[in-house]
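Presented below are the structures under discussion, each in the form of structure tokens.
In the two assemblies presented below, chain A is common to both, partnered first by chain B and then by chain C.
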Partner chain A sequence: MNRKTDIVVVGSGIAGMTAALTAAQSGKKVTLLTHGVGSLAISSGSIDVLGYVNGKAVADPFAAMADLPENHPYRLVGEADVRASLDWLKELCGKAGMAMQAGEGNQQLVTVMGTLKPSWLTPLSFHAEAIEDVLRVAVVSVEDMKDVHPGLIIDQLQRYPALAKKEFVKAILPNPIQQAHRNVTPLDIARFVERPEGLQWLKDSLAPYAKLYPVLLLPPILGMKHSQKIWEQLCSALNVKIVEMVSIPPGVAGLRLREVMKKALNEAGVYLVENTEVVRSEVEQGACKALTTVATGGENRWEADSFIIATGGLLGGGIGTAPGKAWETIFGLPLDMPENTEEWSSPSIFGDSLFARMGVKVNEALKPVDAEGSVILNNVRFAGRILGGYDFATEKSGHGVALATGWHAGTLAGKE
Partner chain B sequence: MNHNTNLDKCVACSTCVVQCPVSEVTSKFIGPRMLGPASQRFRLLNDGEDNSLSYCTNCKNCDISCPHGVDISNINMLARAEYCREHRPSFRDWVLAHGELEAKLVRYLPTFLANMGQANPITKLLLSRLGISPKADLPKFAPKQFPAMFKAYKQPEGLTKKVVFYPGCFVKAYAPQVGMDFVWLMNKAGYYVECPDTFSCCGTPLYTNGFEEDARKNAAANLMEMAKWHNEGVPVMSLCPSCQLMFKEYPVYFPDLAETAGSTDIGDCMQFVIECIERGELDPASAAVQTPLDIIYHAPCHLRAQGIGLPGFDILRMLPGVNAVNADAGCCGISGSYGFKKEKYDIAMAVGSKLFETIKDSGIELVSTECGTCKVQIMHGTGKSVAHPLSILRQRLEGSN
Partner chain C sequence: MKHTTVVIIGGGATGIGILRDLSMRGVKAILLEQGGIASGASSRYHGLLHSGGRYAVKDNEAAKECIEENMILRRIGKECVEESEGFFVLTQQDDPDFEKPWVEACGRAGITAEQVDVKEALRLEPALDPTIRAVYRVPDSSVDGFRLVWHNAMSARRYGGEMLTHHEVIAIEQEAGKVKGVRARNTMTGEELRISCDMVVNAAGSWAAKIVQLVGLEVGVQPDRGTLIAFNHRFTSRIINRLHQSSDGDIFVPHGSITILGTTSFHADRPDAHDVPTADILKLLDIGEVLIPNLRSYRILRAFAGTRPLYVPKGAAAGRGASRGFHVSDHSEEGLEGMVSIFGGKFTTYRLMAEKLCDLVCQKLGVHAECRTAIEPIIESASPEMLEKAAKYFPVHGVPLAANRLGEAFPVVVEKAAAMKSNPLLCECEMVSRAEIEYVAADPASQNLTDVRLRTRLGMGTCQGTYCSLRTIGALTECNTPFAMSPADNLRDFLQERWKGLRPALWGLQAREMDLGRAVYAATLNIDGAKNEQKN
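Entry: the complex of A and B
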């Protein structure tokens, strides 16, 4: 089958979805080809813009961008577009009833590991500054929830000088899910709390602690689609400040955000083709004509005026590797990596590893360029982790780069 | 186990867990990651089976969501087949799996007699004792089944191009008109339709209910017939997403058969219709009926799993006057025979509740979907009428019913 459209986007992580949405909002017909759903659904659901540069904590990510190398995606996209992408997401989520807000500088979110994690744009229920003003904090979990241990969280939090003097107390709520055949995760409880009887259960179970502690730290269990409303209701009914902690996968807030974006994609008329993998590209005179995918009944060919590739990195499938070489998987663009694979990683686990920043080299329009800076494919843009020049894990910039580059690519393609 | 999925491709990221519609509504199911790749390691050590194996509906949302291409649902289905080799499935499961045979038995009965189970409280009680939920609406047998209707239908003369239609059990026994609508459309596009008698049930209900050997026999017959047409260069196609998917998975379930048969891929009727439109053989713009019509479309999971997009939805969107919106509300819950089972009925309804709500909230009266059992479930959950995209296409093109 051969189909034609204005723009084809590949990948449905936060970068691909953002690119598809912004392009569709510019009036283009967009087809989104996906293989898996990306990592947004299992993530924190908060947008980390920039937490660390060269291992040093950053107070204001925008001020710190000047210290990033020239080929860093933020430097290519520019501060104005990074901010515009954040405003765009804020508006999208606000309209969907899941308000996201930034603080003065980086916010410190509390994680279920008892650590503080710098982030920028977060749902209201994750804002943790309320802890600063109080002495007594209850750290809440649910019986049988093996991913969230208040004891561990308290011990860890008290290692931070600013929190050392706080009075933390453990609070374990009874497990409301009877006869479970698996470990209970925050996602199970969040889905339960989304229902009226679940909300009532949570309200009743928290009430005794709310009388004693002005701040309650919870795993992300405040419902799904209606999390903001539930958070507001509980805070006001119990006269307490509730703060959700960032959890490990299966994430809850990430899934909340993904559902908001997926709904927007459908409303924007983006044509979604799931469970398909690009196996071939057709390039003529420096431009991509079409991508071919495999599916039941044979191959499908997707023609478009321009293409946005947001296929992720090593785990997402955007980057292929073999000893001594690495390449981008759709067009086979070689990535600049040393032949000696031992040089790819640093001996120190938290060190600066080349593999962590390997990816496609692009210009300011996010089009791929060769070593001399000449554009290789003039109607193809790259967004998200497939890009080289940044290390999201050590910088704490994953969603931020994905959002900014997805927005930049989608907006530019939409204007053409 | 004759399946070559590399279990280490699963990095336990839990993406499938958050997307699994069964895990979402019941904690009795251990979940796709645990039942699939994680349990498989224990199976390889002969370390027993998880007792929630029967809770997987094989809806394939885990496969659709997996970022690393692990076919989790196939691991589960192969495990179920292996389990059922030593543990005979129940008579209830036999009944639900062998719908094709039952349809053949009742085909000469008057419709009211064949459909007695629908209204008769005694039959309902018997079905309930058997383990079929008395609350479920079983599909009703059509007065005349597809093979008889097709044989009686005279196709126009002089059609030089040819396609082969694989009708599947649902079209054969319960929705023959949809099959006839497809034949009409093909004739209009200039194709003569062949529908060989040798085609039998694709095997999905047999395999997923644990009747591996029965499914194998059907697969062998179907593949032999299909190879014949492939050799002649005639395209073979089906309008049932689950049948299509089963053909695609024959190499996983029956690798020896697939090897001798060559390609096991079967085409999609809706995709073929779009190709006809692109070639100018059909023209939706010239539809006889162009009056405004709102339609809410449901994408069957087994269609989404095929990686071809939503050609049926596309066809609806091409029709002048039609305003088609995608419900995009996930699985309907029925998963073939799963939702008819007494102990699974409530789970299936809970899975479908999001879709039912979306349809009801839309205020749109007409639902469209390709899958027969999705249709049964949507009618049961919403009370709305449900039509196949190709039936709507025919009605709009032809101008009368």
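Entry: the complex of A and C
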């Protein structure tokens, strides 16, 4: 099959969906090719913009952007576009009934490890500043939920000087979904709470704690599609402040955001192709003519005037590696890495590592360039973790870069 | 101050084997180990219970020892041995003239080496290169090094033996040419401990020379680094050896669902040279491909290195040329009474080494007691009733795994699981349940999450700790396990250990898996940033 649209976007993380949406909102016909579920399935669902620069905590990400290296994606797209992308997402989520809000500076989210994590734009249920004003906090989990241990969370939270004097208490709710030898994840409970009997269970189970503790810390279990409504209902019915904690995969809040964006894609008329993998590209005279995908049912060819590649990094499959070699996987663009693998990384797991910042080198229009800065593919843009120049993990900038570069690429392509 | 008859230095297979042997003979002994049990070479090798085929031509005596000990261990340590058998394979690159002398040498050593038709061998092991020229079947086996050492430790404790982990020996006290005692420092707390004793046994493996230096003597122990790769697949049913003069990268040992490829042999300048150079891995892959052509398509779980404590008397050959035999040294010959050392050797013969050394110790102490370690099973096997009972509290497939790992502690853990409201699996890859982890963590020998990992195999499987380490430190904090490190530090330490094994092989599927780990622990949980913000 051969199909032509104005723009083809590849990738189903925040970068790909944002690029597809913004391009479609400019009036273009857009096809979005996706292979897996993208990084939202494992993410916290909050937009971290910039938490640390060179290991130092950042209070205001925008003020700190000047300290980033010139090839950092934020420097390439510029502060104005980073802000514009955040406003755009805020509006999108607000309309969908899942309000996202920023604070004065970076907000500190509570994690199930009992650590605080800097983030910028977050759903209301994750805002944790209520803890500052109270003395007594209950840390809640559900029986058999192996990844959320209130004892651990309390032990670690009290290691922050500002939280050392708080009175934390453990609260374990009975497991409402009995399954022998099965892991009960926050996602299982969130899906249950989405149903009326689940919400009732949660309300009844929390009621005794709500009488004693003004703030309740919960795993992300407040439903899926209706999380904001559920959060508001519970807070008001129980007269407490409920705070959801950031948990490990499955990423409940990431999946909530993914649903919001998927619905928007549908409304914007984006042609979404799932479970398909790009296997070939056709490049003529420095421009991409078409991509070929393979899925059950055979090969398909996708022509377009321009392409946006948001295939992710090592984890997403956008970057391929072999001993001493790394490359971008759709066009086979080589990434500049040392031949000796030992030079790729720091001896310390969270140290400053080359591999963490490896990726496609692009110009301000996010088009790939060679060492001299000349554009290699003039109708192709890259967005998200496929880009080089930043380390999402230590900077806490993953979704922020994905959103800003996806927005920038989609908006520019939409104007062409 | 404590008092005992014998202080043993070194908690590897040899030292623990000696502790068990002495304890069974009624000699009081305390063992000191600077790290965790079996944290040195006893866990840093391929887990091959040699048939002796590898040594048949060059060192027929060592080969004989291997086959005899191999048969003994199958009997006394069956919970630790997977009777997988081995193939010796003559590839296109191997000298066909080696085949005949090898078969004869096996015969002389008492090793059954039965020729297998190449077609039949390829049917049994389809991952092998189809151009191989000859195949022999030998009684090689896989052995779980950690487990065997731990079972010996449990048995030793039952006989009254004592052991202290994370205790580094800092001095050996002497008076008038005779050993009086040992001073050690607890590496976790810094506290010092004195033990007075009649004898010291130095079984510190690659660290043995350091121990001997404490009394001003010198000895030819040469640490020799061997690198190994663990793959996340079992691509052969059997152990596969190259039929040639022993060399690098010529043994594949399958264990459960993984395979270990080893090893290299490089002179090391220190006993803890555990860093793995990428060059070693690439070399192993190149050589390994001769046997398994598809080798590079498998995900590497981790690479690791250990140091062989080669015994090299002055003027003898080092490296591959050095003998794999062992040597017992009585330091009274050098004017120091009450101290003996054991050097060299290999895991397969640990029991025999312990026996010979204990014979000498008993002779010097005037104790008349026979060695019984070759006859008495190391642990009592779990009864069918206990296995049936356990199935109520463990996933069915996890029952034999837990029973074999835990040995005599299995009934205790089953009781513990029965008393718990539920006993979830914390490590799904290796099927380790909460009851087992809590039991092991409460053992004084467990000082951190890494100690728990070594004993239970937690975090050693497919996820390499990405999922299980958080929930385990969570469960252990919940039940107030008194670790010296904070939970977050324990987790960082654990992840750092895993990182060490992955970093030199940072490509392909393993790089992808590692990126998930960074996403979870750094991007989502911020355990890197929190390090400087929380008290540890």
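The rule we apply is simple: the second predicted complex is superposed on the first by the 410 of 416 C-alpha atoms of A that agree within 3 Å, B and C clash if a C-alpha of one lies under 4 Å from a C-alpha of the other, contacts with A are read in each partner's own complex, and residues count from 1 in each chain.
Following the convention adopted for this analysis, a contact is a pair of C-beta atoms (placed from the backbone, for glycine too) under 8 Å apart; a residue touches a chain by one contact, two chains touch by 3 or more.
These figures come from a predicted structure and were not determined experimentally.
Colleague: When the two structures are laid over each other on chain A, do chain B and chain C clash or fit?
Modeller: Fit: chain B and chain C sit side by side once superposed on chain A.
Colleague: For A:348, using the defined touch cut-off, is the partner it touches chain B, chain C, both, or neither? Pick first, second, both or neither.
Modeller: So A:348 only meets chain C here.
Colleague: Under the stated touch criterion, which partner chain does A:263 make contact with: chain B (first), chain C (second), both, or neither?
Modeller: A:263 contacts chain B only, not chain C.
Colleague: Looking at the overlay, does A:42 come into contact with chain B only (first), chain C only (second), both, or neither?
Modeller: A:42 contacts both chain B and chain C.
Colleague: Hey, in the superposed model, what angle do you get at chain A between chain B and chain C, Cα centres, nearest 10 degrees?
Modeller: That angle rounds to 90 degrees.
Colleague: By residue count, is chain A touched more by chain B or by chain C?
Modeller: Larger number of chain A residues touched: C.
Colleague: I'd like to know which partner A:285 touches here: chain B for first, chain C for second, both or neither.
Modeller: After superposition on chain A, A:285 lies in contact with neither partner.
Colleague: Taking the superposition on A as described, I'd like to know which of chain B and chain C A:255 touches: first, second, both or neither.
Modeller: After superposition on chain A, A:255 lies in contact with chain B alone.
Colleague: Taking the superposition on A as described, I'd like to know which of chain B and chain C A:191 touches: first, second, both or neither.
Modeller: Touch partner of A:191: chain B, not chain C.
Colleague: Now for A:52: first (chain B), second (chain C), both, or neither, which partner does it touch?
Modeller: second
Colleague: According to the stated criteria, A:315 is in contact with first (chain B), second (chain C), both, or neither; which is it?
Modeller: both
Colleague: Once both complexes sit on top of each other, what is the least C-alpha distance from chain B to chain C, rounded to whole angstrom?
Modeller: 5
Colleague: Of the residues on chain A, which ones does chain B touch that chain C also touches?
Modeller: Correct list for chain A: 39, 42, 181, 249, 251, 315, 317.
Colleague: Which of the residues in chain A come into contact with chain C in the complex?
Modeller: Chain A reaches chain C through residues 39, 42-44, 48, 51-52, 55, 57, 111-118, 143-144, 146-152, 155-156, 159-161, 181, 183, 246-249, 251, 313-315, 317, 321-325, 340-342, 344-345, 347-350, 355-356, 392-394, 396, 398.
Colleague: Could you pull out which chain A residues touch chain B in their complex?
Modeller: Touching chain B from chain A are residues 1-3, 31, 35-39, 41-42, 177, 179-182, 184-185, 187-188, 191, 249-251, 255, 262-263, 266, 271-277, 293-298, 300, 312, 315-317.
Colleague: What residues on chain B touch chain A, complex-wise?
Modeller: Interface residues on the chain B side: 11, 13-15, 17-19, 24, 27-31, 34, 51-52, 60, 63-69, 237, 244-245, 247-248, 265-268, 271, 274-275, 278, 304-311, 314, 326, 328.
Colleague: Could you list, by residue number, the parts of chain C that touch chain A in their complex?
Modeller: 277-278, 282, 395, 421-422, 424-426, 428, 467, 470-471, 473-475, 477-480, 486-488, 491-492, 495-496, 498-500, 503-508, 511-512, 514-516, 518-520, 522-530, 533-536
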